[in-house]
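Across the two complexes that follow, subunit A remains constant while its partner is subunit B and subsequently subunit C.
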Partner chain A sequence: MGRVKSLLLLLVITALALFFVLPLLWFVFAPFNERASLGVTLPNPPSLANFQEVLSSELAMRGLLQNSPIIGVGTMLATTITAALAAYGLSRSTIPGRQVLTYVLILFSSVVTGTASMVPIFRLVFDLGLINTHLGVILTMTGGLLPSAIFIMQDFVEGVPRSYEEAAMVAGASPLQIFRDVTFPTMRPGLMVVGIWVLVNAWGTFLTPFILIRDPNLLPAAVTFYRFFDEEGLPQITLVAAYAILYTLPVLLLYLLINWRYGFRFFGGIKQ
Partner chain B sequence: MASIRLNNISKNFGTVKAVSNVSLDMPDGEFVALLGPSGCGKTTTLRMISGLEMPDTGRIFIGDRDVTTLPPRDRDIAMVFQDYALYPHMSIHDNIGYPLKVRGIDGGEVTQRVSEVAHSLQIGQLLKRRPGQLSGGQQQRTALARAVVHRAQVYLFDEPLSNLDAKLRLEARAFLKHLQREVGVTGVYVTHDQSEAMALADRIVIMQSGEIMQAGTPLEIYRKPANTFVASFIGSPPMNLLPCAIDYGARMITVADRFHLSGDTFRLPANNARAVTFGIRPEYLHIETQPVPNSIQSTFYVLQTLGSEALVIVRVGEHLVTVRMFGDEIPDLPRDLWLVPEPERVYFYGEDGNLLP
Partner chain C sequence: MQRGLLSRPLGLMFLLPAICFVLVFLIYPFFSIFTMSFTNQTLVGAAATNPQFIGLGNYEQLFDVNRWMRRGELGHSLVLTAQFVIGSALIGQAGLGMLLAVVFNGKRGVVRETVYTLAITAWIIPDVVVAFAWFAFLDPDGTLNQILTGLGISPIDWLFDYPMLSIIFFNTWRGTAFSMLLFSSALASIPPSQMETAEVIGASAWQKFRDILLPQLGRFILTDLLLITLWTFNTFTPFLLTRGGPVFQTDVISIYTYRTGLQFFEFGKGSAIAMIVMLINLTIAGVYLLISRSRRQQWDA
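Take a look at the complex of A and B:
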């Protein structure tokens, strides 16, 4: 009886695993297959022809190698630095209701970059003269990601005992030395987590740059995917597959690098 | 080295009075313990000396300098924190050397001084490790090393031993005392552990509700508690306190409404002052198994054997009274016992709780 049960369980798990693994297999195989379709087939023979064609598309490559990095890194720096300062200030102050403040901000943030607010955001960015600029996209996305970033960051900062800074004050350090030697290093795990999280979000955002940028030369990779759709709006699967793997690779590698180097945690405090 | 002078300092947090009108003179080279239950204002007082808190009113002097408004780094102090506050991302060497580094002392000299201090504290072999790889006792020594590596005018200790287990705490206590005798530092030591304060300090300041209850040498405080708070706080077990009344005309003391002690045997308070509390330490009560004059009748309640001594707890009316008996041979005690206080060890406290002269 127990054996039958565990066998059944094994079958269910295998089916579930296959269900989730298939798209990943497609994702890995299709780019190397000249005749890729929506089915998962082993490339036979494997070829790099898809990549050759993708690499020859100037707009797509500019999106991937220039515009996406500018927007991604820009948003990451703006959000992480602002969130770190805000979280530090919030967690080290005794403003009544500061917890409520962060929750309210988070609630609103889903509105800021949401579809519903795209018209006012467009108007705002237009009035600021930032339409068709990377800066406009960076600022809009920073606004949207900041509350959650502050929320995550706050947890990290609160995990750092105040006595670290106090010990440095008593030891004779100046405020700048305290920040450089104690505060910044102890906040580093939080900066890492928030930084990567923001980068992944910014890298993958489609709607904001799609609406705010007109010039095809400035579009990030998330939007230049459209290069590989034909006039009827149908995807050229071979090219989309090849571009998709190129598009994913930088973020994936970065994640692995950080994870290997520092380890990821979504809670505060310092691993001693 | 320098003296510390607190001149009428007060500090409120919102509506809570943390410290009110505390004045204290600590001469150069004195090691003072601030002792009291949690929330008594001892840590706030220490933090005001360190500059981590600013007093609302009053002045603080270190030596001749008025440091009231100076930030911690301009006060020339060193401090050991309760949680040690060792920087987790720095090696033990860098942790200990940090006060030297921020003062711009060059690397070679830092290394030399760090290793000197570390060796004297027996953590010389740990300098390359991180704080997380050290035991509690080693972390405590590292925190101590960081405080003494730089010659400060004043050393501050915020319950530095409270995170250690009992055995390590005794070791660390002996070690601290030795260090303090050797270096002869001016130190302020905050603790809620009276035996720690008694063992380490030249002078103990007992605080309660933000005010100083009594300041004196450990023996003074033990022998002459200035008020019922100190009497019931110091000593383990603390002093027995019983309600009393004195009839000065008849020279008669009535304890716990019932028992009469002669005013000829016991020294009565001066000026016929009204006494309401009768105090006697457990070791100055003697047990008789037969009725004797000038004794307090009681019934046996419980016996606690502690090895070198035993605590006999008896009932006097509705009050519990502790008697300390030394030696490991405790006789079988009958139900009815008569307690005889040593006359010169009896204290009377007035209605305000203060000791009557």
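Take a look at the complex of A and C:
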């Protein structure tokens, strides 16, 4: 009985592992194969020619090293700081209906940031004179990510004991000082989690820059990548394969680092 | 709980930047969509510069019973979206996430780390890359068909012959990590002594799951289902894989909205669809909130 059970367990685990790994195989082998096609073949011999192809493409490199980092870090800073302030304000004051507020905001963002809102967003950004700028993309993405960021951040703020702040208040610190010197440092895990979450999201977002940026020199890697496999029918598979790795690696490493450093225990904090 | 460290005006000061963002990038587009949905606004032509108020015209057109179940129309798209959400979010992501969390509950080691890392990788990789990886995976010459050929099964053009199944598996693969992480943290918070006691009494694995884990996971399951339902309902990523085709077979609501609003530039009609999408979102959230309220007593006991 025990043996049958553990065999069954092994089968389930193997099947799950295969399900997750198989679609990634192409992604692992094709970049190192000079004659990569859509099938998976062992590169023979392995080559770095595809990467040279990417390195020599000015458009690809500018997206990867300049535009995506600007958009990613900009969105991360704007969203994290705004969300931290808002979560603190919501948690420590008696604003009526504050619990319902974040729910309503999340609902709003899940609808309004989608494809549906792209027409009014486009007109708005155009009227502000921010079309074809990184700032326009950063602000739009911050607006979209903010509700969820506040939602996640609230759990962390609630986890910071009020007694610290009360002690600081008794000692005569101003609310802003308390926030800056007591609460902000103690919610560092929350800031990390939200910051990384926003960065990964902004790095991967396709639709917003696709619609708001027309100048090829300003395009982030997400849109450049799409252009490489969308243009002229046939994708340049070798270029796409190598670019995929270079574009993905930063976020992947960042995320695995955070996972290893902090673990995912933080999700236990959701609505405890 | 209710005592405030900040006065109300001071609390609002902390909220001010967020309020500005929300007003400009969420509330304004919402009202813009709302008003536009009652006009015949388009990008080009007479209706572009001088849109007319047409009342419920767009809605009447969308809900016209004679056509709305045809391919490429609203009803058809909603049916496809329901299939997509039930298949990939409720069954796929939540089911598989729960399975992974339960199987590896209380375990450490290389196998768990490997499977978790793979699932998280699938979740982290940017949309465009994932879409292309699956495009290659499902291609007639791709990995999946190479394996099938190796097993003596003739190749299948998945994206052409089974497009809905393809995007369901794609989205399951893509999003399972979130549910898995949420459930496994929730499971970790249950004291192991309860499981050990059940072990001593001789409870079966299913009994332990049903009587100990499931009741305590209730609120986490609801949070998870609410979020992934909303995300899946609104996701645009299938577009990168199938573009809604072939012949509207994967024309889920986000793609239908995009097609109407940003490809055909029928802003008025597109806005009307967006309003319907929002009402459905509200309904989903409302149902989950109602369940959560009626069950709260039970969970808090």
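Some points to look at:
Throughout what follows, the second predicted complex is superposed on the first by the 225 of 272 C-alpha atoms of A that agree within 3 Å, B and C clash if a C-alpha of one lies under 4 Å from a C-alpha of the other, contacts with A are read in each partner's own complex, and residues count from 1 in each chain.
Note that contacts are C-beta pairs under 8 Å (C-beta built on N, C-alpha and C of every residue); 3 or more make two chains touch, one makes a residue touch a chain.
Being a predicted model, the structure only gives us computed values, none of them experimental.
Shared-chain residue A:Thr248: touches subunit C; no touch with subunit B.
In the overlay built on the shared chain, the residue A:Thr82 is in contact with subunit C alone; subunit B does not reach it. More residues of subunit A are in touch with C than with the other of subunit B and subunit C. Contacts of A:Ala17 after superposition on the shared chain: subunit C is touched, whereas subunit B is not.
Once the two complexes are laid over each other on the shared chain, residue contacts for A:Ser6 go to neither subunit B nor subunit C. Once the two complexes are laid over each other on the shared chain, residue contacts for A:Thr186 go to subunit B alone; subunit C is not touched.
Using the contact criterion defined above for the overlaid structures, shared-chain residue A:Ser109 touches subunit C, although it does not reach subunit B. Legend: residue contacts after superposition of the two complexes on their common chain; A:Asn217 is shown touching neither subunit B nor subunit C.
When both complexes are overlaid on chain A, the residue A:Glu166 reaches subunit B and subunit C alike. Touching of subunit A by both subunit B and subunit C, each in its own complex, is seen for residues 166, 169, 270-272.
Within the complex formed with subunit A, the residues of subunit C that make contact are 2-8, 10-15, 17-18, 21-22, 24-30, 32-33, 36, 96, 99-100, 103, 111, 114-115, 117-122, 124-129, 132-137, 139, 141-144, 146-147, 173, 181-182, 184-186, 188-189, 219-220, 223, 230-231, 234, 236, 240, 254, 257-258, 261-262, 267, 270-271, 273-274, 277-278, 281-282, 285, 289. Residues 9, 12-13, 16-17, 19-27, 30, 37-40, 81-83, 85-86, 88-90, 92-95, 103, 105-121, 123-124, 139-140, 142-144, 146-147, 150, 162, 165-166, 169, 175, 178-179, 200, 203-207, 211, 222, 225-226, 229, 235, 240, 244, 247-248, 251-252, 255-256, 259, 264-268, 270-272 of subunit A touch subunit C in their complex.
Across the complex, subunit B is touched by residues 161, 163-164, 166-174, 177, 181-182, 185-186, 188, 270-272 of subunit A.
In the complex of the two chains, the subunit B residues touching subunit A come out as 50-52, 71-73, 77-79, 81-83, 85, 87-89, 98-99, 102-103, 130-132, 146, 150, 156.
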